[in-house]
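Heads up, the next two complexes both have chain A, just with different partners, chain B and then chain C.
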Partner chain A sequence: MTLSRFFKSSVTAAFLFLISLKPFKGFTQNVSDEINSIHGNFQIDAQYYNADSLIGAPKVPEKMLSNAFGNINYQKGKFSAGMRYEAYNNVMQGFDARYKGQGITNRYARYQDKLLDITIGNIYEQFGGGLILRTYYEPGLLYDNSLDGIRVISNPYKGITLKGLVGKQRSFFTVGQGIVRGVDGEVNINEILDSLAKNIKTKVIVGGSFVSKFQIDEDPHFNLPQNVGAYGGRLNVIRDGFNFFGEYVYKENDPSVANASSVEGKNYYSYRHGEAAFMSMSLAAKGISFMIQGKRVDNMSFRSDRDATLQNLLINYLPATTRQHTYLMPAYSPYATQPKGEVGGMAEMQYKFAKGTLLGGKYGMDITLNASMANGLKVIGVNDSSSYSTLYTTNYSDVGEQYYHDYFIEINRKFSKKIKGTLMYANQFYNKNIVQYGSPNAGYKNIVSNIIVVDLTYKYKPGSAIRFETQWLGRDNKDTLNLGSWASELIEWTPTSNIFVAVLDQYNYGNPVESLKLHYFLVSAGYTSGPHRISFSYGKQRAGIFCVGGVCRNVPASNGLAVSITSSF
Partner chain B sequence: MKNLTFSLLLLTVFSLNSFAGDGDKIPAATVKKLDGSKVNSNTFSNNGKPIIISFWATWCKPCKKELDAIAENYGEWTKETGVKLIAISIDDARSSGKVVTDVKTKGWEYEVYIDENQDFKRAMNVNNVPHTFLVDGLGKIVWSHNSYSEGDEDKLYENVKKLIKGEKLEH
Partner chain C sequence: MKISLILISILVCFGCVSCDKVNNPIQSEQIIVSNRKVLLEDYTGHQCGNCPNAARTAEQLSAQYGANLVVIAVHAGFFTKLNAPDFVTSYTCQVGNDWDAASGGFGISSAGNPNGMVNRKDNGSGLIQKETKWGSSIAKALQAPDLCDMWLTLNYNTISNTLNTTVKTKFKKTYGSNTKLSVVLTEDSIIGPQKDYTQNPDVITNYVFMHMLREGINGSWGDPLKYAPIKYADSVTLSYNNFQVNAVKYKPNNLYVVAFVYDATTKEILEVEKAKVIK
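The block that comes next holds the complex of A and B.
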């Protein structure tokens, strides 16, 4: 038995022992009113796959694939513990095949009181906005970079929060090589000054962090730094509807596969430092608001293993400053931050035409105007005589090649007690080479799309509704490396609020190849009862990028029957 | 070994099911108020009246539909039953700046908190948003519902009224 497995099973045993101590409710209610609970949740997704060469759905040897997990959390007073079991037999299409088999992938124990909060086991933590450190879990994307180790949080004085942690990050069914260590301090100035600041409406919060990783250097050719440090600071100023948040992070030189560049077929690590800045400012009053966001990222892929790629072993989080769409067509080509280098920004205005005005009508009307864009950095090469690394500098006043833009307008209006609708128009620019393939030489053309969405809901009696959604995505229909234009129609019927039946047709009418002008039909149905939900779908799904919470993954085309069950207790 | 662990796990879950579930207090997690101060979720209270806790995100269309639908009658709801709605945004740094703009523009009168790294979401075992909980006057979670369809807000309010009268709640 390996040490890690012994540790896992002993933690599990201790956990089971602890919950077996949980007294019956009847007794606890007499004794005290403190928290004493066990809760959890499950999710099971399974799909039966048919091969479909026309849409590019591959033959799946297992025929059926499934992903499943269950969490159990126990809390008694100031103590809590929990664990998660995950099973992939085998992992569904579109996920990393290294999720193979099953086991306990998360377990923790925690004690919290007013002064101290100590956790051992798998930890989810975020320093500031996450530019320097964020460990996070998103089951829909199989994203989990939890830190397996120890964390201590302390509030030594009102308004002051100190955090320290050390551990290794989850990597599939094991942990990554590198050790991650970090400290963070945050001060809420108003709370410290207390009585003095009670009448001051402007709130100021400042914070600072230091995070370092250690990974042994076994490379025969390169002299690689074994310790890489990063430090950063942040400021948050809030007053009524005004909110400013700014964060800056600097990372020492961190040669890695993620920042390497390929010159004449050879990979060269970059020894350049990294930096990232993010700001968000908003101003809001009843019925109207403005927001701007800006970001600059330079060589800021920060991972606890210098050989890790894709979504694996990321220590930090670089939020995209573009809008995350939920409708199918505007979300067709989503943007993700380019950690090698990017300058981006977004501006948004929202306005509500009040009830009883000319445009607002009887129920009011919401309008959103949004513009976002992202460009590369203007890179100035520096001659490097050693030829072991690539060197460059950048200047702050200039930007490079365009990566993305999205300009859209969205209108939401309720016409009567029974009818409401959404209308959206978007214009998007997508640099497929960079955003999807990470290289300017991937050979694709830039894609410009015009998108229209109409979404109408007709509530024909209380608790019963029919929803129609029509979407159009207009693109260059002669670009043979892309699929051209799409039209999509959806009818969704909810006879009672806990049942839905829907039919979706996505029609690739603009495909440059005549025989590939296909309809992708998908029929789905679902039933919800309280915290339990089951849904089925049958039909064709196109290949695409699926994003939740700012992380994206590629989903291949598929044809078959899928079932999903979620439940919490 | 793995099989043994798993069977133990399953056994535990099923043996506990008999007395786990509804009726427990709100678990402890730190969430942020819109003024930046931190609040522990186990201090949520409404002077002995029920609380609705609704998990949402600025990028979640059904969540906003639900909160909009409730907002239309929220004044009546609070007047008739004293119920309070606590809206928990799970937006991360990418969109947490948008929470205040959405809330103000829409004119929502809810108590709003940001659960930026989803500690509270995990403690409440929420799989995906929207997810709505009903908490009784003693601070105990008595009902929950995942997802939103037209008309769910009416069912929710029926349950708030039943809760006050001490009647059995329905899903």
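The block that comes next holds the complex of A and C.
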């Protein structure tokens, strides 16, 4: 029975199960004494679409599309259970149409005491930093790679945590073909050496993991490994403001669509191993902090289905060692780790100029300096497509072409009791061929952007403010394959702490095509009351392309009215 | 504590043996003898730089399985858009757009290009399949029971450029669902620009498009063929006469008619046949 059928047939069972818990006060007099908690949240996003040929917004036959979900979690003592209902009628533009319809996509039951923690159902888990296994849910991206199976966590001795799990991953309204098995052990040395822990300031935590996936080999041309294993170790050292984390993962031969190559007009898988290393070190003292991160990734797309693409059925998580910006223009060209191969790093310094100093002024000033970059690996072709089919190799000492860099400075300063501001300058390099299209031959030029952000907030009374934001993104306006320079203006008024109204204009004044020098206006407003929030926006949003592993998906431009309602209890 | 250690030990043992090292990746060619014919739909676009790889896979499979495999290349979705100076000819058609649509169709391009379907059947990893999956899905489909026989009779008038198509079907097994028949026109050897990320520069100006879906002879979703219950030896013949072929847009010598029977509920393709318009 497929999981989707199970989900549908289990709706009634799940409903009866929750009702049987009697979570409502009116049921019996003493029910509330028995219940520890019942909590959850809902979110509904809907948009009415207008066709707009100028910005490329397509006609939507349904006119209105919506994504919605609700989580309900129940806990009583050592037992907890929950479920999530999702509904896509139909799924909003920019998301995969395989999210179609509605049903219970997540349900679990968990029992947890001092010795044992057992979960059955949909499991979210992370081993170490996630290089080998991380399952999580991100509703904004419709990302959910939860494992539907069983997980056991045990603390057999103080400071020792053992985890084991087995299951299949969620894929839209069903589960993927592959089975994922994993074990993880973590030892907190200080906790084991109880007497020493009191005297030694340095904390040391070591861990190791093994994850294996099984997928049947039905390929008529290749002998594919049905079981693919990956293993790794990690070390975490903490002392006062110093924190070091390092992790290394090795993956055995894992031929998949992500590492397939065309050799003399024929498509081959690579049977080469994969590996990933990540380290992060930070040092914080009063008023100043430093952080450096580095990673090297080689053939580390690890999925429970060797034919899965884009964001589907990923077992592991490869963190981007670049800053994820929140301002519009610095976030215009976001970077994502290239699982096929990448070496990258980031360094950041934050300094606080104290109050009363020349630069700190009356209220102090924060400054952040950040530099991050990512390059490809230098790939050396191996002519073995008819034998071992590794297809390529790499050297640790060599670095390939540049994929991305982001150098920025951000200054946050409070000028008076009522006025505060942020100033940012960023210089970014974006290899569009690789980052968007996954190929050096996609035909686009590299994009170099200079970005300035000025953000001023005037708090004219407690809970009431006006915020002005102006952003500029300068690029080569002659590059007809890209969209040239942009300017963005935002005015946001918060008359009370629970209401906001904002007007945003993104102006593509540098578009090399005269008729496409367009304004993208967006008006939005929102109201918050306790755990409930409703917001509206009306206007235009830009298009984009999203590519991973040799498959590209268009996120079309849109023009229309959007509504978002969130609520929690 | 004992219980947890036992449980963890079981999982450790289970995990530790779970790794295969393959030293001989290439299989010796297997020959599948089958009376069945299988339909492979390759959803593509002339601005999709990863799509020629999938087309090459389709050609390899076509060469391997010969008449047992019928390929249709469906140009639909974002990567079919027109951009001067290279991409000025549209290869989309209403049938392809309807099949590709997120609403009412299969939503292929919303899942990204290239992608495809084999007999419009989910073989365990989803209906929409990457080209690396096509080979195993075709092999599996060829070994499935043969439901019906199909005979295509074409009569093309070279003066009026009209086409008469007769499709005769005879069921070899009982079947419990309603069935439909779709008849479409495809064309080979169309030369035009195509993006190909394996090439530098990435635009191939004289790319040869094969199996391109051109038009529906009986609409996007065909006509009812036989309502359930279908019995052994049930036979149905449907004819489509005087279909006007656009001989300016298409080269009649390169045209084919592809007809397929499918389950009206699941849309799974049960049998497919292909014939050249001008022999």
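One rule holds in what follows: the second predicted complex is superposed on the first by the 515 of 569 C-alpha atoms of A that agree within 3 Å, B and C clash if a C-alpha of one lies under 4 Å from a C-alpha of the other, contacts with A are read in each partner's own complex, and residues count from 1 in each chain.
Operating definition for what follows: contacts are C-beta pairs under 8 Å (C-beta built on N, C-alpha and C of every residue); 3 or more make two chains touch, one makes a residue touch a chain.
What you see is a predicted model, and the numbers here were worked out from it, not measured in a lab.
S.K.: When the two structures are laid over each other on chain A, do chain B and chain C clash or fit?
M.R.: Superposition result for chain B and chain C: fit.
S.K.: Once both structures are overlaid, what angle do chain B and chain C make about chain A, taking C-alpha centres and a multiple of 10 degrees?
M.R.: Result: 140 degrees, to the nearest ten.
S.K.: Can A:75 be said to touch chain B (first), chain C (second), both, or neither?
M.R.: Touch partner of A:75: chain B, not chain C.
S.K.: Which partner does A:252 reach: the first (chain B), the second (chain C), both, or neither?
M.R.: Second partner only, chain C.
S.K.: Using the touch definition from the top, say if A:229 reaches chain B (first), chain C (second), both or neither.
M.R.: Touch status of A:229: second partner only.
S.K.: Quick check for you: in the superposed arrangement, does A:85 touch first (chain B), second (chain C), both or neither?
M.R.: first
S.K.: May I ask you to name which of chain B and chain C touches more residues of chain A?
M.R.: B
S.K.: Using the touch definition from the top, say if A:442 reaches chain B (first), chain C (second), both or neither.
M.R.: second
S.K.: Once the structures are superposed on A, label A:465 by its partner contacts, choosing first (chain B), second (chain C), both or neither.
M.R.: first
S.K.: Going by the contact rule set out at the top, does A:569 touch chain B (first), chain C (second), both, or neither?
M.R.: First partner only.
S.K.: Check the superposed model and tell me the shortest C-alpha distance between chain B and chain C, rounded to whole Å.
M.R.: Here the least C-alpha separation of chain B and chain C stands at 18 Å.
S.K.: Share the list of chain A residues that count as touching for chain B in one structure and for chain C in the other.
M.R.: Overlap of chain B and chain C footprints on chain A: residues 550.
S.K.: List the residues on chain A that touch chain C in their complex, please.
M.R.: On the chain A side, the touching residues are 60-62, 90-91, 95-98, 100, 115-116, 152, 154, 156, 162, 164-166, 171-172, 174, 176-177, 181-183, 210-212, 214, 218-229, 252-253, 255-257, 260, 262, 265-267, 269, 271, 305-310, 386-389, 437-443, 547, 550-554, 556.
S.K.: Under the touch definition given earlier, write down the residues of chain C that touch chain A in their complex.
M.R.: The contact residues of chain C facing chain A are 1, 3-5, 7-8, 10-12, 14-16, 18-27, 29-30, 32, 48-50, 53, 56-57, 60, 77-79, 101-104, 107, 109-115, 124-126, 128-133, 135-136, 138-140, 195-203.
S.K.: Which residues of chain A touch chain B once you look at their complex with the stated criterion?
M.R.: Interface residues on the chain A side: 1, 5, 8-9, 12, 16, 19, 22, 24-25, 33-41, 43, 70-73, 75, 78, 80, 83, 85, 102-104, 112, 124-126, 128-131, 134, 136-137, 139-140, 161, 188, 190-191, 203, 205, 236, 238, 241, 243, 245, 278, 280-282, 284-291, 293, 317, 319-321, 323-327, 348, 350-352, 366, 457, 459, 462-465, 494, 496-498, 500, 528-533, 549-550, 566-569.
S.K.: Considering only the defined contacts, which chain B positions touch chain A in the complex?
M.R.: Its residues touching chain A are 1-2, 5-6, 8-9, 12-13, 16-17, 19-21, 23-28, 34-38, 42, 59-61, 90, 92-98, 100-107, 116-119, 122-128, 131, 143-147, 149-152, 154-155, 171.
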